Structures are given as structure tokens and as C-alpha cells.
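Next come the structures, one after another.
Common to both upcoming complexes is chain A, partnered first by chain B, then by chain C.
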Partner chain A sequence: MKPSHDDVLLSVQDLHVQYDTDAGTVYAVTGLDLEIQRKHTVALVGETGAGKTTTALSILNLVPNPPGVITKGTILLDGQNILEFGAEELQKMRGNDVAMIFQDPMTALNPVMTVGEQIAESIALHNDVSESEAMKRAKNMLRLVGIDDGRAGEYPHQFSGGMRQRVVIAIALACKPRLLIADEPTTALDVTIQAQQLVLIKDLITNGGMSMLLITHDLGVVAETSDDVAVMYSGRIVERGTTAEVFNDRLHPYTQGLFNSLPNLRKQGEELQPIKGMMPNPMERIVGCPFAPRCEHVMDRCLKEEPVLKEQGGTHAVACHLYDDSTAKDGLHG
Partner chain B sequence: MADETVLQVEGLTKYFPTAAGLLHAVDGLDFSVPRGKTLGLVGESGCGKSTTGRVILKLLKPTSGRIIFQGEDITNYSARRMRPLRCQMQMIFQDPFSSLDPRQSVMQLISEPIIQHRLLKSKRDIEHRTLELMDTVGLASRYINTYPHELDGGRRQRIGIARALAVDPKLIVCDEPVSALDVSIQAQILNLLKQLQREYGLTYLFITHNLAVVRYFSDEIAVMYLGKIVEQAPAERLFSKPMHPYTKALFDAVPQPIVGEGRVERQLIRGEITSAVNLPDECRFCSRCDYVMDACRQKDPPLIEIAPGHRVACARVRSMGDFTIEKTR
Partner chain C sequence: MQAPTIENTPMKSRSQLQETWRRLLKNKGAIIGMVFLLLLIIAAILSGIIFDYDTQVIGQDIKNRLQWPSREHIFGTDELGRDIFIRILYGSRYSLAIGCGSVAIGLVTGVILGAVAGFYGGVVDQVIMRVNDMLYAIPNIMIAVVIVSLLGTSTFNLLLALTFTCSTSFVRISRASVLSIRGMEYVESAYAMGLPTWKVILKHIIPNSLSPIIVQVTLLIGSMIIAASSLSFLGIGVPSPAPEWGAMLSSGRSQIRNAPYICVIPGLAILFTVLSLNLLGDGLRDALDPKLKK
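== the complex of A and B ==
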């Protein structure tokens, strides 16, 4: 079923972001479309350099400028184009409507402020409350993320890596944002801690009725947390759909390659099947499909014409010429 | 020759003095690795797996215990006596970004160990060997004059592998060799390491926190927790019959890329790995264990063999034989 207009919280349309550097122009995001529904978690999956983080920064209008420029596109949050926001409106939006959790909990916190003060700071910034009320709410947030509120007066270095990441989560959710952007929130953590954090974030999001854009390269994390998936390659979305659609019926050769590269925990595999080659140089304008040089099914057409995202039934869409007519589709599955 | 032991460690310990007391980084390890096989060492940050690798290569001096390499007790060898052995034991590091000198070209990086160990003298031979090594690790010869910063992580890691291979080693300690790489590149490097093992009969000590990788790669696996091996078994056995509550928790913690059918419910453990300073004589996993009982707090359980090649350090496993038991909390 197609989501009705009211269900959509965030809609990114034809986004183009580039970085103008001394060495040349880097085309980081090239025509990206993305939708996030209310109360949904959408995973943005892809490898280093695919443009995931640039996409996230664009949603907060935080792409460092210079060298970054958003050259084209709209980003609608509840129907309002945030790319047209002035400084004041942006300030109001960031942290309040859209919050972000960064990858590294070690560098995201201020080492000379207590964790309580850091949470209270973001509450006081967006709410008209007294200092003591802000601190009261901050302590409440600490309890929510599973930290004893008696530790509000301690400094980041007194906490372990996992606890620090909990503090970061508390700061991000303190103002009950409508959208949480989590950029590789658990990558820097050990597996047992990683699992605890994912459960915690997911619970808080669900209870607060929030949406989340989860940026990750870990397909296991996606299966664990997300309603929908968008697979990103070379600055654009090459496949999207519900997590079940994409995981159980992988259409794009890149998506298939990602899964085949994974060593399997539940059964001992034979030789892994890596995707050959590398991602294209983002400083070159690509003609045709960006995955063509690495693709086993490459056709003449792929080298000339860029495929666009086309729906294949349900919400499942893929940008690949193989699926343009039904005859080519046979023999690809599996 | 098939069963010849390349590496054996006995009662290996490494303590570091800290302001708070003695840090038991590695606390009494016993294991051996036969020629051409891989022992996987898994555990979370702080469990002592990397220290173990460094002590074995004598990059750190062990506090006590013995390291026997190809029948030779090298525990107390001086740096000078170690020198000829360095050709036979090599290391591949985690981060191909910081482990390569940024001012050296690929040619200089790969030929450095050949020159250092005086394996070849003439410039032509050295260059020939460098190109041969590049070919072996799948690095195109056109990169010979490039510098690390011009290359991506996968190619940089290939340089690290070529450097290790340059001296024709018998044992390679791989310390998280693929954790800094993207999955598609990860698979390329894992396949390469496996192919090299088959071709050259290499023996690996494979240190990682990634269970899927260790399973794919290892013949035998040892799970470490706070400086000790808590469970060790042939890879298939460990994954089909994990006994130690920590091993099970580690398996359960890994998110599976499966949606719908075939998805397994997970049981997560609480807490985090504690500090290895001033450890009391009790099971080190006590504070996080769902199956803890009085006996666990009285004595640190020894590693006991419960089936051929399968050793577990858990008071419950010893008393019950099997682990079909109710949680205690």
C-alpha cells in the first residue's frame, strides 16, 4: 500500500551535493530520493564513500560549506523545505525536530562539562524552562537510557564507551525530536554492547513515536531495527523497499553482491563471493549505471543510460536495466 | 609433518603494572597451533587478544609462561637471537592506514623487509621479487611507485600482506586484518589470506572480534574473556555446541541479516566487560552471567576438557555435564 501524503515525515527529492576541492569536484550525492514515514525506521545502507553521511548532514542542512554545496533538490520535513530555512529556523529545527547521533561517542561529548549539564543544555536551548527544571529532565533522560541519575555530575571520561554512547542517545532524544538520524551509532562498540544499544534506541524511538534514519553498513543491524531499507551506491539509491522485500528478494546486483560478501555466522560457508573491483571515483561524472564496471550482468545499455528507480510491486523499487522488461528478469533471482 | 606443531604456548601471562594495581591482560593461556592451520582468538575489546599476539611475537616480554616456536623455546631469547626468527613469524595489522609509512612508495614498503633481512642483494632481484609479491597479493604492478595515501584500504591491506609474505614466514599473527575494511573488500582480503594459506602452508593466529569472520576462517577457535580462555573447540563444534554462557552471549549478540523465516530470537547479556585490575578469585564472567551460582564466586573455574578438543571453563558445565539448565536470575 502506498503511504498517503500525511504519513510522510521526511521527503528528499532529487538531492545533489558536491564538494568543490582543490583536486576537483567530488560528486557525493547525485540525484537521491528518499522518504521516511512517521514512526518508521529507515536504514540507509552502503559502503564507505557511498554518500550516506553527506545525505544525513544535508537533512540537517549541516553540509560543511565550503567545500560542500547542495546544488539541487528539496528536503521536505512535514512539508516544509528545510533548504530554504534561515539561520534562526534551522537553529530551532536542529536538535528539536531532527536530532543526530554520531558514530564516535568519544568525540561527540564535551570533556569539560558534566553529562547532566550536556543533556540539560540541549533541553534549555529548545524549551523555556528554568535551569533546575532542565536538570530534572536531564536526570530523567539518564534514567531512561539506563544510567543511574546520581551520575549526572560526572564527566564523560568517568564513563565506559557503552555508557558514553548512552549519554549521546540521551542528549539526542532529550527534546523528543520527530526524526532521529543515527549515523553508525554502534560501529565503534563491542558486539555485546552494540546489541544492548540497538535495543535501547529502538525502544525509545518506538515509545516516543519517533522516526529514525539509521545509517549503517551492517546488514544484521538493518534486519534487527528497520522497517524499510534504502541501498545506496555512488551517491544514489539503487534499491529500496521494506526490509522484508529487499532482504528476501534482492533485486539489484549490488545488493546481491553485498549479501554474498558476508561470511555467515549460522553456517560455515565455502569461498566468499566478493564484489570485484571498487566503487567508481566520485570525482568523475558517471555516464550510465555507476555499478556497471563491477556488474556481472552488464549490458550495452548500462554503459550509456543511467537507470532510474522503478517500482517492482509493493514499495519495492530498483534502479537497474535488468528489470525494465519482464523477459530479462528470469534467471536473475537467487 | 601434517600434525607438526608450529606454535605452542604454556601458562602464558602478561601483567601490566598500573596505578590501580596489576592489570591481568593475559592470564595463563595454553594452546597450540599445528602447521597449516588457523587458530581464531575471539573476544571483546580488553580481553587480551591483541596482547597475546604481541607477546607471542616477543614484541612484549611475557610475565611468565613459555612460548615454543617450531620446537624451540623462544621465551627468553634476546632481540639479537630473535632476529633470524623474525623471518619466520610475521604480523598483519588492523589498520592499513597507520601501519604503513606514508613517505614510502609501494616499492619501498614491500622491499624493506627483503633488504632488512638481507634476503636478496642485487637491485634487480629485489625489484623482481617485489613485483612477484605484488602479483601474489593481487596488487597490479602499475601501483609500484604510488604511496599509501593514493590507495584505498583494501589495496593498503594487500601491501601489509605482501610485506609479511616477503620474508617467507611460517606463522602469521593476523590482528583484526579486515575490521577496518568495507564488507565487499573484506571478502576479497579473507579469500586472499585463505588462498595464501593453501599455497604456502601458512599457519595463522587470527585475532578478531568478528564471529562470522572467525568462523569462516578458523579450524579451531578460542574465546577469551578478561585475559583467559573460557572456551576452546574446533570451529564447527563451537558453533554447534557452545557451552560457556559467554560464548552463547557473544553468538546471540551478533545481529543477523535475516528477516522473517529463519530468524532466531536473541538473548542479550547485561553489563560490560569489567577491568582486569586486581581480579578476585571467582569466575570472571560472574557479574554478567545469567546462570551464576555460589560455586562461581568461590573459585575461578579451570579449563576442563568435556569432549575431544572441546574445553570449557565454567563451574556449571563441570557439574552438570551439559548446559540445559534454568537461569538463576
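== the complex of A and C ==
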């Protein structure tokens, strides 16, 4: 079933982002399409350098410029193209409609401001409230993420990593955004508290009726938290669908490779199969499929023609020539 | 009676400022420096109220010239019979005003220019830094001599000349710290929160780049006091008969064989003031260094 238009909170179409550096142009995002429905969590999966963080920053129109430039595409938030927003509209949108949780809680907090002040700062910015009211709400947020509100007057260095991440979550959710972007929120944390943080974020999102774009390379996290999955490779989406669709029926050779390189309880004793080779250099313009050099099923067509995302029933879509009708007979299931 | 609960007992937490102050108090040198500077500031304020400039500070009394330190004149009198003690106390006004004034103006201009260069980078950075490098390459005293000889000798022109040399080092320091802080995640997160650029700079970048600047302030005040005294010694600083320490030292040179105290006492005044500032600066540098947290 295709979601109706009203259900779509964020729609990214044909996004191109590049970084013009002294050494040359880096094509970070090349024709990315992504949709996030209301109250859904979408996981953006891919390896380091696939362009996940750049995608996230683009949604806030916060790609560092220079050297970053969004060269093409539209990003519609509730039907409004945020790439056409002026400075004031952007400031109103950031934090209020779309908020972001950054990777590293150790550096995401300002060391010379108390945590209470940092949460209140965002509240006071987007709501017309007095300073004391903002601080009151900040303390509420602290309680919500499980920190005693008596600690609002403390500084980040007095908190542990997990606690800091909770503060970062409190800042991001302080203005009840419609979309939360979580950029690898658990990567920098201890394994023992990763799950705890994810449950916390998920609960708050669900209770607040928010959508989330979860950026991660951890497929376990994806399975636990997200409704939909988008697999990213070399600046574009190569496969997307609901979590069940993608996990049960992995279509793209890259997705298959990702899963095969994970340890699995059912395949105990077997060797892990890493994907051979490296992601293509993002400074080169790629002709054909970007995964072709590493793909076991590579065909002549893959080297010449770039595959586009095509739906394979339901919401499951894949960008691979193997599933194109005209070449399907040579493919996996052929 | 209400029993204290976690909710209503204020958590003991120290801000960076309180923490720095606590660590500063552990440093004996810094305390000595602070006490001396405090006395000097009090002397500077009171001497303007107590002493009459025309009669006691610059008024000549030839009958009592060249008297060695005694109960009546505890630092003695100079070649024109003026009480050196009064002149030293009054002279602290010049040294402190020129030192603090030039550093204050240099601080504001230097930090703004450095922050702009570090924050925006590119051509803006190149222009600001290359001009700054040019000024930096010329010895301080030389720039001051040129400016003072162009504009004429006056206390204000001296201050202006020294401002230039202060500014250059503040530009370098603030640019370097803004550069390192600009890339931090909390700055990015402040933008993601929707803060406008000027607020990000004012609330997140500058407060975090202050430590090295604070240290530089104390050390530079000392250098500027020496520079001001040197220029006065050369006769292009504070014009006579004002009791500037460098000028007093210079005027005592002719009597150095029979009344060395005329030179020694202003010299010691300069020495102790600058030493105190350096002790305080060293103490601050240690206290502000997060790696030394105890």
C-alpha cells in the first residue's frame, strides 16, 4: 500500500550534495530519495562515508558551506521546500520542527554552560516564555529523560557519557519537534547502555507522536527500533522498504553483503563473509552502478547504466539491474 | 520542619569560574601577585584624591633636592626636590592606566578581528592574518616610536601606539581558539537548535575560547607597562613633568653616582608590578588548564 500524501512528513527528492575541497570535488550525496511518514522511524543504514550524516545535515539545511553545496533536489517538510527557506525561517524550523541528536555526547554539550541552561536555551528560543518558565520546562525535560532535576545547575563534565547523551536527547526533544534526526546516537556509548538509550529515545518519540530518522550502521539497532529501512551506498539509496521486508527478503547484493558480514546465531561456526573491496572514491563520478566493482553478480549493463529504485511489490524497492524485468533471467532468481 | 530531600537541597556544583578561583588560591605566587596589584590599585585611586598634583607631585622644592630616604621623605627627594614616594604612588596611575587601557582596547579589537578571521576563514582570514603578520614582524617599540613621532608626544598617543602591538597578539590567540572550537559538535548542535550565527559566536564560541585570552591579558599588561616606561625613558612617552616611572628613572640618570635611589626606586616599582602581573598570569594559566584538574 502506498502511503497517502498526508501521511508523509518528510520527502527528499533527487538530493545532490557535494563538497568542493582543494583536493577536488567530493560527491557525498548523489540523487537520494527518501520518505518519512508521520510517527514512523526510518533507519538509514550504510557504511562510513556513504553520505548518511550529509543527508541528515541537508534536512536541517546545515551542510557546512563552504565547502558543502546542495546542488540539486528538494526537501519537503510538510510540503514546504526547506531548501528555499530564508535564514529566519530556517532558524524557526531548526530545533522546533526538526531536531538533531549528534553522535558524540562527550563533545555535543557546551562545557561552560550548565545542562539546565542548555536545554532552556532551545526552549526560550522557540517559545515566547520567560527565563524562569524556560528553566522550569528544562527541568521537566530532565526528569523525562531520567535525570534528577536538581542536577540542572551542573556542568557537562559532572555527568557520565550515558547521562550526557540523555541531556542531548532532552535538548533535542525540548521543543517537541515533528522530526528527530538521530545520527548514530549509540555509537559513542558503552554497549551496556546502548539499548537503554534506544528504548528511551523510542519511548519519547512514540509518546510525542514524532517521526525519527535513525542513522546507524548497526543492523541490530535497526531491527529493534525502526519501522522502515533505507540502505545507503555511495551517496544514494540502493534498497528500501519496511524493516520486515528488507530483513526477510534482502534484494540488493550490498544489503545481502551487509547481513552476511554479521555474526549470526543460526550459522555458528561459519566464517563471516566481508564484502570485498572498498566503497568507490567519492571524488570520482561513477558511471553505472556504484556497487558493480564489488558485486558478485555484476553484468555488462551494471558498468554502463545506473540502476534506479524500482518497487518490487509493497513498499519494497531496490536499485539493481538484477530485478529489472529485461535482465531478470540472468539474475539471482533466474 | 521539612526534612531536606534531594529535590530541595541545592546540588553543590562549581562553575568553571569558581573552580578556577579555587585553584588560583592554591598558588602562592598568584596570591602574592594579586595582593601587590590590589595595593597598587588602591594607591592609584587614593593618590589622586590625597595629593595635590600641582604642589606635591610636580611642585619643585630646590632647597630639599637630592635628600636620601629619611623619615620625612621615605623614598628621598629627586634632583628638583620632589618627594619620590608621592611621585611613585602617583605614577602608578599612569602605568596602570596605560597598561590596562592599551590592553583593553587591544583586547576588544583583537578578539573581534581574530574571531571573524577564525570563524569565516577564506579571504577574510587571509587579509586579516597577513596584515597582522606584517605588524607582528616589526618590533613593538619600533611601531610605537613611529606612531608617537607621527602623532606627537602625549599620554593618549602612547596608549594608542601600544594598542597596536597588543591587538596583534590577541588576533592570533583568538583566531586559533575560535578555529579549534568552531568545529566542535556543540557549535553544530547550537545551529541545529536554530540559534542565529551571532548568538552562536557570543554564547558558545567566545566563552569557550576565553582561557588563553585571560592569561594573555595579565601577561600583556606587564609588557605594556614596560613598553610605556621604556618609551618614557627615551623621552617619547608620557611628557614631563608627569611622574611616569620610566621618565623618573630617566631623569635620575645624571645623579646616579651620588643619588642612585632616584633611579633604583622607580626601577623597583616597575619590576615588582610586572613581576606581580606575571605571577598572576602564570597562576591563571595553571588554574585554567583543565588537564591539571585536582
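Following the convention adopted for this analysis, the second predicted complex is superposed on the first by the 323 of 334 C-alpha atoms of A that agree within 3 Å, B and C clash if a C-alpha of one lies under 4 Å from a C-alpha of the other, contacts with A are read in each partner's own complex, and residues count from 1 in each chain.
As a convention for this text, contacts are C-beta pairs under 8 Å (C-beta built on N, C-alpha and C of every residue); 3 or more make two chains touch, one makes a residue touch a chain.
Fair warning: this is a prediction, and the values are worked out from it, not measured in the lab.
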* Simultaneous placement of chain C and chain B on chain A, clash or fit -> fit
* To do: In the overlay, answer first, second, both or neither for which of chain B and chain C A:148 touches.
  => second
* **Angular separation of chain B and chain C about chain A, which is computed from CA centres of the superposed model and rounded to the nearest 10 °** => 80
* Is A:200 touching the first partner chain B, the second partner chain C, both, or neither of them? -> neither
* Asked: Of the partners chain B and chain C, which touch A:264 in the superposed model: first, second, both, neither?
  -> first
* Asked: Touching A:112, do we find chain B (first), chain C (second), both, or neither?
  -> second
* Asked: After lining up the shared chain so the two structures overlap, which partner does A:298 touch, if you call chain B first and chain C second: first, second, both or neither?
  -> neither
* Asked: So, A:171: does it touch chain B (first), chain C (second), both, or neither?
  -> second
* Least Cα gap, in Å, left between chain B and chain C after the two complexes are fitted on chain A -> 7
* Return the residues of chain A at which the contacts from chain B and from chain C coincide. => none
* Asked: Tell me, which parts of chain A touch chain B in their complex?
  -> 47-48, 160-163, 190-196, 198-199, 217-224, 243-244, 247-248, 257-266, 268-269, 271-275, 278
* Where on chain B is chain A touching in the complex? -> 44-45, 152-154, 182-188, 190-191, 194, 209, 211-213, 215-217, 235-236, 239, 249-260, 263-264, 266, 268-270, 272-273
* Which residues of chain C touch chain A in the complex? -> 6-7, 9-11, 13-16, 122, 184-186, 188-196, 203-204, 207-208
* Across the complex, what residues on chain A touch chain C? -> 60, 62, 66, 87, 90-96, 99-100, 102-104, 107-114, 121-122, 125-126, 148-151, 153-155, 158, 168, 171
